[in-house]
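Letters A, B, C and D mark the chains as written, and numbering starts fresh at 1 in each.
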Amino acid sequence: MTKTPVAIVGATGYTGVEILKILLRHPRAEVASLTAKVDGTIKIQDEFPELKGSLDMDCSPVDTEAVCRKAEIVFLSLPHTVSMRFAPAFLKAGKKVIDLSADYRFPRKEDYESWYGSPHADPEGLSHAVYGLPELFRERVKKAKLIANPGCFPTGAILSIFPAAQAGLLASPEAIVDAKSGVTGAGRKASLALLFPEVNENFKAYSLTSHKHTPEIAGVLSAALGKEMRVEFAPHLLPVNRGILSTIYLKLAADASEEALLDLYRRRYGNEPFIRIYPKGALPQLREAVGTNNCLIGLKFNPRTKNLILVAAIDNLLKGAAGQAVQNMNIMQGWEESAGLR
Amino acid sequence: MTKTPVAIVGATGYTGVEILKILLRHPRAEVASLTAKVDGTIKIQDEFPELKGSLDMDCSPVDTEAVCRKAEIVFLSLPHTVSMRFAPAFLKAGKKVIDLSADYRFPRKEDYESWYGSPHADPEGLSHAVYGLPELFRERVKKAKLIANPGCFPTGAILSIFPAAQAGLLASPEAIVDAKSGVTGAGRKASLALLFPEVNENFKAYSLTSHKHTPEIAGVLSAALGKEMRVEFAPHLLPVNRGILSTIYLKLAADASEEALLDLYRRRYGNEPFIRIYPKGALPQLREAVGTNNCLIGLKFNPRTKNLILVAAIDNLLKGAAGQAVQNMNIMQGWEESAGLR
Amino acid sequence: MTKTPVAIVGATGYTGVEILKILLRHPRAEVASLTAKVDGTIKIQDEFPELKGSLDMDCSPVDTEAVCRKAEIVFLSLPHTVSMRFAPAFLKAGKKVIDLSADYRFPRKEDYESWYGSPHADPEGLSHAVYGLPELFRERVKKAKLIANPGCFPTGAILSIFPAAQAGLLASPEAIVDAKSGVTGAGRKASLALLFPEVNENFKAYSLTSHKHTPEIAGVLSAALGKEMRVEFAPHLLPVNRGILSTIYLKLAADASEEALLDLYRRRYGNEPFIRIYPKGALPQLREAVGTNNCLIGLKFNPRTKNLILVAAIDNLLKGAAGQAVQNMNIMQGWEESAGLR
Amino acid sequence: MTKTPVAIVGATGYTGVEILKILLRHPRAEVASLTAKVDGTIKIQDEFPELKGSLDMDCSPVDTEAVCRKAEIVFLSLPHTVSMRFAPAFLKAGKKVIDLSADYRFPRKEDYESWYGSPHADPEGLSHAVYGLPELFRERVKKAKLIANPGCFPTGAILSIFPAAQAGLLASPEAIVDAKSGVTGAGRKASLALLFPEVNENFKAYSLTSHKHTPEIAGVLSAALGKEMRVEFAPHLLPVNRGILSTIYLKLAADASEEALLDLYRRRYGNEPFIRIYPKGALPQLREAVGTNNCLIGLKFNPRTKNLILVAAIDNLLKGAAGQAVQNMNIMQGWEESAGLR
């Protein structure tokens, strides 16, 4: 069986190299092209020495036509506003595109432009892009040509909030999402604020009330529920390499038992290959998600306050980025959904 | 000027040794007795080598009478339910007692007994103990004989919530306190869950809806406000040594400007030696509090959700324990409030 | 093809659970028995939640006869002096035993007894045990019934020193091994010295001149070389979870080029599945070894001092313990040497 | 008593801001000028929020004449090759200069030029600069106009090696210095290699055989001893913020008791305010030095190998840079040597 050739555009970021590592063990796909913003052609294993011995491959500046000749599926692991300049050419050449930036995550051009402060360069692409959260939109993903791979924070938040909201349990259409992310979530760029001594033995909130994942969480939930949902999203920077743990507060309209709530979540996600609902009394810890493509969900209900508290944990580079991107590829191709992801 | 002799009962915990370190540089007090649960007499500097060169002092099992002969002020740095067995003897001998456990923090015996699951051994002491949060109760602290030193989580939470609640700004009498604490907050005890490999590269929520600091925060706020306040308190364990950063969500009844809110906080705490209100647009980071006795407070208001989000940071061993205990001693003795604490 | 049933005696330590994780993906072996020093029967996945979803298995106190009925191969992941009390019964029952303690690493009973301060309980076992370092002793491992799995520090040290020493390059029969280990190397036991706040932001040397791995390194090298080798072994505790990086100093008798030295190492280890010799100018970093069963080796030669400096990195729980144990099992069984280890 | 005005040129690096923090509590000196490579004038407390409340001060691009008008003592906290372009103007204006770069650490211009690969711009300054290691060169420091403040690694290494070498105990004139440094030792510059995810859970050796502190250690020791000393210096990067711990190996000519060796060290450094010799059986840990201006020294002797192993720990930003710089200032000014440093 020949493998399907795949390109990674933007291979030298934390997400790009993670896609590469997954594809190295994928039974159906193989990496045919690596490109990045580099000076001339480099060896990818010189940039990431842990690849030595597994791989010997060039990485060059992106040349759209060369990529099209080599690959049938293209992962765009590029900064926001850059992806939408590359996607149209690949789509036009008939390639399937999985974009890991935010460029195609908003159905309405205006929303993108107001939150990202930049005109959208590809409204055409936007009109048929599919938000690649398989647990909510698997049928659409199957037929998609262009996937907007979800943001790392939205993945865990949306998956946790959706069942309770859909079941009509909320007293008010609002969710508070207090999220804590490891440092690779910020990308691999030289920045004073991300130096070891600035992050280690420290912890901080950032972008309160204004983080760009706020409208993504609220927008996707509102669309999926068919009614408006408000989100207070508060991200924090954890001194760990990987993982996001979010603590989510929902006010319920009536008392509920934890058993019944867990049952609701288990029914909603029972057959999902990458969702684990924790049993009563147990909550996921960050490290239990790290290194996996799972979204772990646990919950507590407080009868004194009528708050449902959800704890969701994912690996920001896997279920929050590269792993989910490969999961989307598997679905688009009709392959086993967990291929390469165990 | 002779210095006032002080005893530390429970000197080998993280909090006990922190009191000791503060007192080493205190202009008016000096350590006259160190006791702890040890086998025979040890040298405190053998247990904490960083003290070598500054101090050569014995630490023995506690002998109440011997402590009374040596000291006029007694810090009890003992586990919950143990403090209340020692405090009465010191009080009877006319000593001033500053207790760092939870044993005297609840005005009503029943509340203590229901949350701590143990009968209260000293209802007499409970009846005249003063909750030692100087910024709210300084006048009472001045006259106290027995101080219930506040818990680490309640200190930052109460100080942050109080001004907005007192000003009548809240739409509902509820606060969500999402708190993140360094590991020394759990005390210095050999435990699998606190081993380096269990905490490092990890993050978790714990005791959701049931943490014993919940009734302390709610009770103190309710008493200070003269009306019921509900608290959803969610603690998390951070992979850092010291510090607590809490993100607090309050629903306001009406729109408010951040300037006006900051002004309210600055007026309430303007002259406080250990409170720093951050300017508009700035939020405290954990490390800016670590090593100080300060409580740092910053805020954001979200007009879309009408949530006031407060971020409070303290050093759990200083303003959250040993530092605040010394601050209370200074006030009780009529000394400069910041003596030993800069 | 039916899988060979395997027992892990001592399954709740860091090493025991690591063997379990490897065997979960092993094509030829399967775990048939888990035992440990536990109160009654527990579920292993309750102790290690990251196993949930992959495994549902009991772990009980060890019962030698029950283990013998279930398993053909027994991994002993027990403390020193405990292994030798269990091994004889398994050997007598015809089981192959792979012992991860130090109990069978010394050919001479007297050496064991003088360094471990305890009489040896199984001189018979000692007489036919094989030191399980496949790169040096593969032929003996093939025929062994009882494997003494090497210590974590000796593995990297011996593999790095051997080729230069064997080639007769040393000016004096002495190696300085300055080793730095992650915290899991100390085992999973509740201990004040291993609490997060004691290790984090700290670094220390320990057991200088007296660490029990000193005679193991020196003894194995001396035996393999057929001449006496002295070792100055200096271990240090790193604030990381996993991995050992050793910097090794050898005084050469004459000038040597790095090319020629690397060539020597490449020739010695050319076909080894788990050794990587780094190219000229490159040195292994700790994280490049973590998560793999590889021993990474790099070197520099200093013409001013005639010192050959070797840098060796392994994962202490894999090549330094569980991974090497499985590698030994594979060799003993005639299976592919890397089965379960990629 | 008026305080002496001081300038910090290069105030926004880790070392510059550390000098500033020390001077804030100095009884005799006060900061009169802060300059750095900044765009226009900034507030130093905006760059380092932990200064808020203690300080409100501008930091501007350096203007030599303006600095000369304001300050009598100038700390140069600049990169190598930059300091020597600024020092001459300050010296000419009669200022005392303490340079924290390597520019004035080599008595011979040729040595500097061969190791730093750059012509020396101020041979005149070089000819009268004094190497500011007070424990070896206090008398020269007293009269100096220009101090070459020692490198962080050389400080601990030289202080540890000197007594044994001076006493004629060495079998050969060689020291192996295996040094491990926290990340602030690399300076505060945006660099991929210093990002949190690259350093955390990692450890590596770097610049083996070629680090520029090698000739500094060897040169200073050789000059102080009056005979050639060779040094194998191997630095490593630790995942901690601050501190250097070096493990040093010296081959002795004859057996020696640890008591006698410790006695030698205690006699040599008995009255030194910033050196602590650890008692027999005890070794310094990194955190015992962090936050202090002390150099901590412990030792072990191995009769089997005749190696004397020294362990030295300092805070790289204090005794390894800013603290030692202030110590030198105190000596030059005839002030109490520990002013500002306890």
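The rule is short, and it goes like this: a residue touches a chain if its C-beta (ideal position, glycine included) is under 8 Å from a C-beta of that chain, and two chains touch if they have at least 3 such contacts.
All of these numbers come straight from a predicted model, not from anything done at the bench.
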Chains touching both chain A and chain B: C, D
Farthest chain (mean CA position) relative to chain D: A
Contact-pair overlap exceeding half with B-C, pair selected from C-D, A-D or A-B: A-D
Chain B-chain D separation of Cα centroids, rounded to whole Å: 38
Between chain A and chain D, centroid-to-centroid distance (C-alpha), Å: 46
Residue numbers of chain B (touch at least two other chains): 201, 239-242, 284-285, 287
In the complex with chain B, residue positions of chain A that touch it: 174, 176, 178, 180, 201-206, 208-209, 230-232, 234, 236, 238-243, 245, 247, 249, 283-287, 290, 300-302, 304-305, 307, 309, 311
Residues of chain D defined as touching chain A within the complex: 14, 182-184, 188-192, 194-201, 239-242
Touching residues (chain side chain A, partner chain C) in the complex: 49-50, 52-53, 201, 276, 282, 284-285, 287-288, 294
